[in-house]
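For reference, the structures are reproduced in the following blocks.
The following pair of complexes shares a single chain, subunit A, combined with subunit B in the former and subunit C in the latter.
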Partner chain A sequence: MLNPKFFRKFAPFITGAFILYTILLIVPILLSFAYSFTNWDGYSPSVEMVGVKNYIKIFHSESMLSALKNSFVFCFFNAVIITLLAIPLSLVFNAGFKSRNFVRSAFFFASVPSVLIIGYIFQLFFGPTENGVINSIIGRFGLKPVRWLSRGVLPMFSVIFANVWRLTGWHACIYLARLQGIAEEYYEAARIDGASRRNLFRYITFPLLAPAMTISTMLIVIDGLKIYALPYSLTGGGPGYKTTFMTQLIIKTGIGEKMVGRSSAMAVVFFAVIMVVSLIQLYFSRKREDDVC
Partner chain B sequence: MLKKKRFYSVVFQILLLLFTLLFLSPLIYMVLNSFKPYSQMLREPWGFPKELFLDNYVKAFRQMDFFRSFGNSCLITAASVVLIVLLGALAAYPITRFRNRITDFLSVYFLIGYMVPTQVLIVQIFSVMKKINLINTKSGLILVYASGVSFAVFMYQGFIRSIPIDMEESALIDGARPMQLFWKIVFPLLRPATATLVIFQTMWIWNDFTLSSLFLSSRKNLTLLLELHQCIGEFSLDWSVMLAIMCIVMLPMVIFYLAMQKQIIAGMTSGAVKG
Partner chain C sequence: MKKRIAALWMTALMVGSLTACGGQSGETQQDAEPQPQEAQEEAQQDSEDEGKEEPGVEETGLEACTLTFLAWYPQEKFQPILDAFAEEYPEIRIEFQYAAPVADYLEKMQVLTSTGEIPDLFYIAAENKTEMIENGYCADISGTEAVSRLVDTNKNTYEADGKYYGFAPTTWVGGYFYNKDLFTELNIEVPATWDEFLQVCKTLQDNGTRPIIERGEWFWDSFLGPFMNDYLVSDPDYHQEVMNGTKTFADGWGPYIQKWYDDLIVPGYVGEDLVSVSSQEFFSEFATGNAGLLAGHAGHLKEVQMLEPEFEIGFFPMPGTSGETKVAYGAVDCAMAVSSGTEHVKEAEAFLNFIARDDIVQLYQDMNGYVIGMDGIESDVDPVLADIAKQYSEGKISVYIPQGNWGTYGTGLQQQLIASSQQLLLGDIDCDTFMEEMQSKLEELKDE
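Showing the complex of A and B:
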């Protein structure tokens, strides 16, 4: 620490960040609480207090309940599938072979284009007619075209698929970084004791990947809760509300339908959800890491 | 024995390369078909173009305003990143190097932004921006991105803590002014953190659609990505042209990625990932 008497000279350093952050982040958070008890439309000067009416309304609306459910389903499947794919992939990345740098960059590359573009490309892949890329391939085997973006759970599957495609390489790199940090001595000692390859993974590699798993799943869930452009360009949130997620619903209600009050109530509920999810996740991850040590 | 091992290794590599190509097929599809007429794209999506066919690109440049939107993207990304880095580093310094009630409060205060995603607050940010008349202006969007400065504050705090303090102390005793001390001694030492921050913030701001699509609407302000969105809305019938536009929109980020690849993968380990 520096001598406290100098603090006053350095305090102005904080002003810029403080003002910007307060006006564009803290004030909006406070506003969302305040608006959530009103019927404000975003334009008119007259605002009425409506108490908790917005909260009651949103918990009875089909759109809110399905968006909340969709966001959960999306985050859950992404976290599980990406983790299951990224860990083996990171082992491949870590193996010694010639083309490894190419393979690493190729898988990571999927996260370079904007999600908007990825959504459009997968829209062509999951196209409903026989000209859709996937349908034209399965058509060669005599199968009928599948309506990927409208039938049953397939729209949700398509959005999850595109997101898994986008993020697996990225998350494999997070695991790879951790793998490279595991000391070779552990493996040597275990091999001398006659451990099989499977046991090496199970008792050494996997437990030591715990910190990477914490970071990775946390990022997947946070990113999943915010997802907006991908369903926007891939399915447009439809059919109906089948692939509408919380972010999209909040924006649509507040800006598109001009119900700022109701949209704010949704945002407040969503904050609560995010907080609870991150706390639960932190608790379990910490516990797992403690068990390892 | 050794021969057998080598054989397996070759088979493994070939299979892996094939799998990698399969994995990349969406991007291969995009690039391949941007060089074909639409009719051929429908008939044989995986065939190679029969000749060097650049019509799609010619049409793409006619439909989109490339230079203006590219300029907008560059300006918005660069200005936001500079603000984030400068304001973040400046704020993090006193918060880390002094311990009192104010700095204790501030380090918690800036953490809130780390937990609440901007995307969820868009409606409220929108109404604040409308109050100060910054809707549909580039400077307004830049400020919105720059309010993500809390992440930079958080990251720099960790980094500053790891630098020895002696030089700064003696500089202060020798009568250095705070700004001098910061620019001459501290900021250069923060370079690794700054590099990671610049790379990841550039990637996410350049690729962002959520915020830019809501805060910019008139054609003269559109970024590359919004220009693509606009074109798809207007002429989405000819998808091979759209694919050409997508390739054009993607190219700057691809070049950026190839140039920064090493630092990107290194940065992933230092927890620089948020967006």
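Showing the complex of A and C:
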């Protein structure tokens, strides 16, 4: 129950944030929902209602299903790989070596530049010609250039790799914050009982990282499903539709194909998907927290 | 109470700073200008305060005002023209905004039309001209001196129902740039026919050089030579027929896509790795001599020359099978348009007329390097492109780019063209499926 005294004290701040949140987020979501029942092209001053036609079309659209699949594949591998790398990295960050602040900063820095810029930088790295950074390196060992952005699953791998590089340090900092909150007494007691370092991690550190894991994985999942700038700059969604994700398809459909009504329907469905996935994930994460704590 | 006032003050500051940031997204502005009406009042007030008239007001009959201008070219490129205009018309201020073409520009324009905040001057392009004209966002500028000076092709590109809505003073003409030193070293003659072109590709490939470098989204353009010069010249209304359903993509494009696949893709002259070539690699592969030919236009030539100023470059248009080039790869550039809702029609038209002046249009041409499409003005293009520019200016050749003929479906079909051509190059689909995908995308867009 909200404390009325507390509410009165901070009402101006809450009101300001609420107005901003409503204008910038709630109103566009409601407008998208309204547009999804129209045939608006984004330019015409007149709009016709078309009922659920847009929803019927998108559920029969192969490009929508393909983009949805790509978004989930991207999201799943991101969540798994980033979590597997970020937890050990946070242990390194937490270790008592001299240059740890520098190491923390260096890893965190990857999340600072614009995602678009990171995409373009990785495009230079993964370039298919001998002028591509990676290909020029492996060329010195007599190996043939690899088509990182066109062959088989490599385009998806490349986008995932770039995103993992970008976010691992950031998520390691989330785990680090939690690690620093774990009381030293637990470890001391365990050491007196003769626990090995492995067991310290398994029975103390890892379970107590559960709240951080809940936040981290939820952020990765939401960020992964919403990803736009990285594939846009790195692969352009190609080759073909191999790295076209839902957000890119929504924008292509609305802006490029001038079907704002249909793209709004996609946005509404995708919003619902993200919400459901996030809620499920939150439920299981909280349940796990309760089990271990 | 003091605390509450402080809290309100902080909230107002936060709101102000956030909304200010929101306004700057994705654009650059010359300065933080007031709104046009306010600016006009301010300028008039200043003028009255100083007790003298603004220079030029009496001579030109134009009102002091601020024109908002959403440009297709960045400000640093446009600045010489803006400076010249400011000197000539000090009473008219240009509030310059820029959105990068094509996707960002279209998105920005779409948002501005939906919110009713259309700038006084803006660009229209093949991708949005139909919507902008049909929905009445563009003013009829048929009576301006600027439009009257355009050659027919440039004028008619932005015509609807006998009225002209865009002023496009330049046209880009493209084809293949070649490495002159490499051609001399390998004793290669400049090809005039498709067969000779294939022979050039083979010689380059045998020499261990990549025959053609293209970008991942544009490599499909190498099929255009035979299509334009063998088919389109005898059926110039082909795309119109496809749009109205009397012909299909397979009817016109089909045989030429197949020919492109058999002649260029199967032998590897257009390599699989082209699907992911970035702009940077596109230029560097050619400039470092790894590729013998680069498909592009004047803008690309400038980039290569910046990378390697001493590089000897030649040019030939995309050839057809017969040898005579009648249609070149290219298009009339995007056009400046006046908003139908502007309160400063005369002033906006004065800006267009100013750009149409002999000396100023040369500045415009310096900016993009394209061919001037105006009567009686010679194009000062790069010597590499002098021949093709002359042929275009003299009306001996016309220009063609597919998406310029697809009207309102241009961007949608172009996206499909990119995706399908990439799938074809990677062997995921065949030529027939390519044509079917193009056709079904058109049906889908028309159905909407």
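The working rule: the second predicted complex is superposed on the first by the 267 of 293 C-alpha atoms of A that agree within 3 Å, B and C clash if a C-alpha of one lies under 4 Å from a C-alpha of the other, contacts with A are read in each partner's own complex, and residues count from 1 in each chain.
Quick note on the criterion: a contact is a pair of C-beta atoms (placed from the backbone, for glycine too) under 8 Å apart; a residue touches a chain by one contact, two chains touch by 3 or more.
Not measured: the values here are computed from a predicted model.
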item	value
Partner chain(s) touched by A:125 [first = subunit B, second = subunit C, both, neither]	first
Which of subunit B and subunit C A:145 touches, first, second, both or neither	second
Partner chain in contact with A:255 - subunit B first, subunit C second, else both or neither	both
Which superposed partner A:20 touches (first subunit B, second subunit C, both, neither)	both
Partner chain in contact with A:44 - subunit B first, subunit C second, else both or neither	second
First (subunit B), second (subunit C), both or neither touched by A:236	second
Chain touching more of subunit A, residue-wise (subunit B, subunit C)	B
Which superposed partner A:192 touches (first subunit B, second subunit C, both, neither)	neither
Subunit B versus subunit C as contact partner of A:215, first or second or both or neither	first
Subunit A positions touched by subunit B in one structure and by subunit C in the second	10, 13, 16, 20, 24, 42, 120, 124, 131, 251, 255
Touch list for subunit C against partner subunit A, complex	4, 7-8, 10-12, 14-15, 18, 22, 103, 106-107, 110, 113-114, 128, 131-132, 135, 137, 210, 216-217, 272-278, 280-281, 284-285, 288, 290, 408, 411-412, 414-415, 418-420, 422-423, 425-426, 428, 445, 448
Residues of subunit A defined as touching subunit B within the complex	1-4, 6-7, 9-11, 13-14, 16-18, 20-21, 23-29, 31-32, 35, 42, 92, 97-99, 102-110, 112-118, 120-122, 124-125, 131, 133, 136, 165, 170, 173-174, 177-178, 215, 219, 222-223, 225-226, 228-229, 232, 246-247, 250-251, 253-255, 260, 263-264, 267, 270-271, 274-275, 278
Footprint of subunit A on subunit B - complex, ascending	9, 12-13, 16-17, 20, 23-24, 26-27, 29-30, 42, 45, 83, 86-88, 90-91, 93-95, 97-100, 102, 106, 109-110, 112-113, 115-128, 130, 143-144, 146-147, 149-150, 153, 165, 168-169, 172, 178, 182, 203, 206-210, 214, 225, 228-229, 232, 239, 242, 246, 249-250, 253-254, 257, 261, 264-265, 268-269, 271, 273-275
Residues on subunit A engaged by subunit C in the complex (per definition of touch)	10, 12-13, 15-16, 19-20, 24, 39, 41-45, 120, 123-124, 126-132, 145, 147-151, 155, 235-241, 251-252, 255-259, 262
